[in-house]
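Take a look at the structure set out below.
Naming follows writing order (A, B, C and D), and every chain is counted from residue 1.
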């Protein structure tokens, strides 16, 4: 894994704050469990309304979690007045997402001035075992935050 | 657009039933508005817990809706004892998803014996205007349903 | 199809010139057959060293042709001092690429200030029939050309 | 990295034979440098007709090399009467492909009975340094070879 130098020394606080500002993240019950420069780990505990009739996590949640984990992995590297926009991603579902929770790890694999590329693996945790259920490749755009959203981390 | 012949004459009933069997679909409030052979249209009305702090639909919902619309477009073409598995998709977010609802149209563009490929466009509807917010390309696998799930449409 | 207004009135000359500047394009024998604002059509005639042992065009050529067709569709819309970089694309091979030539049509589906998204269909032409063999979704970045490459169309 | 058990004990011979049967691979000058169960490494030396006017490898070659490396990584795991079909892949170009040769490493990340998913990294080698220029995520379909193509490795 490449070692990245964050542009914002408060990157971890910033990532956690930005995460909480998105109602969808909280609505599905996602949590950030680790933030490092260029890497974010998240979990999504199972819940009755998040699963399909067969007990598997719905693909929309797997995709959403992957998108968030990759997006914040990118966000951890940019300056305090910058944020991330998802341009696109591709997701392979390789197994049903099942277990007591999903775990996603997003890693930056290329950091450009305006474009960041991440790779995300999503696992289902079941009986103490971690099974890969999806893997994604994501392209992010670095954007300058509008003034009213900058410096938000000081209010976190 | 290619014109497809459905394998199951009750394809529309089948698609609507399978859709209702997935709690996630109902939890987010998605609805099927049209089913044709190889094409499914869906909508997702805006709701406070589905949006981000800026009022846009979260990307995870756009992806989930695209995945469903494409998946059921494929499902409309297969036999009564068959179903669809999403192998993978790629989604480009081209504009924020905003407005009073999202609308997704999934179209089959290639129908093989074991692999179906679909294209999905997602629009935000705002002030009577339809704006493309995302487009996706999806690969589906045709699977034979386990016996306990077959013929389910008669019980719908 | 969206109708686009080109930024450069000489867009067609520019596209054809840029195409000829890439030795690979000429080496494989690709030709541009049509240029419109936001749309480029190309063909690649069959040749012994471009095919596999079964007589099909190799996937690398299908991908390369798709990439070029989409890239120049984007290039047709930008200013004279701008060019295109391929950020990424996803390609579905839906049938073997066979026949006396491949034909690719690239269409811009979203035009941003810095990001352009295109869709490309590739067909095999055989016995007067056009068969879809691949479809792609591509993300391009608008870049400012270095001074020594600008205004190149006047030297074409 | 997952450790895979090959279905065919002669997997390495088989992969090298299948590679040589594709005229395109030889035409561009690609070579297989390593074959392991679930992993294939390839190189593509620079050549005047393979590069663009700026001296970079053309994107079509990077894609083609990635496709081959992933495809044969999958092929290394299947039975002697089976082969690989590329269903689709997504490729991010993260830097220009430059140097005296390209090197691609394809790795199987998920092995199903009918679907295999691979990840491929492509590097440009320049002045003894290895620079990531592209990364891809690929979906392969396991197919049964037609009788006339089976057992071909004994004829290699």
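Assume contacts are C-beta pairs under 8 Å (C-beta built on N, C-alpha and C of every residue); 3 or more make two chains touch, one makes a residue touch a chain.
Quick caveat: nothing in here was measured; it's all calculated off a predicted structure.
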(Q) If I rank B-C and A-B by number of C-beta contact pairs, which comes first? (A) A-B
Q: Could you find the chain whose CA centre sits the greatest distance from that of chain D?
A: B
**Q.** CA centroid of chain B to CA centroid of chain D, Å
**A.** 33
(Q) Can you work out the whole-Å distance between the CA centroids of chain B and chain C? (A) 30
Q) When the C-alpha atoms of chain A and chain B are each averaged to a single point, how far apart are the two points in Å? A) 24
Q: At least two other chains touched by the same residue of chain B: list those residues.
A: 87-88, 90, 92, 117, 137, 139
Q: Show which residues of chain A lie in contact with chain D when the two form their complex.
A: 90, 92, 94-95, 109-110, 112, 117, 119, 132, 135-137, 139
**Q.** Parts of chain B lying in touch with chain D, wherever the complex brings them together
**A.** 87-88, 90, 114-115, 117, 137, 139, 141
Q | Parts of chain C lying in touch with chain D, wherever the complex brings them together | A | 21-25, 27-28, 48-53, 58-61, 63-65, 67-68, 85-93
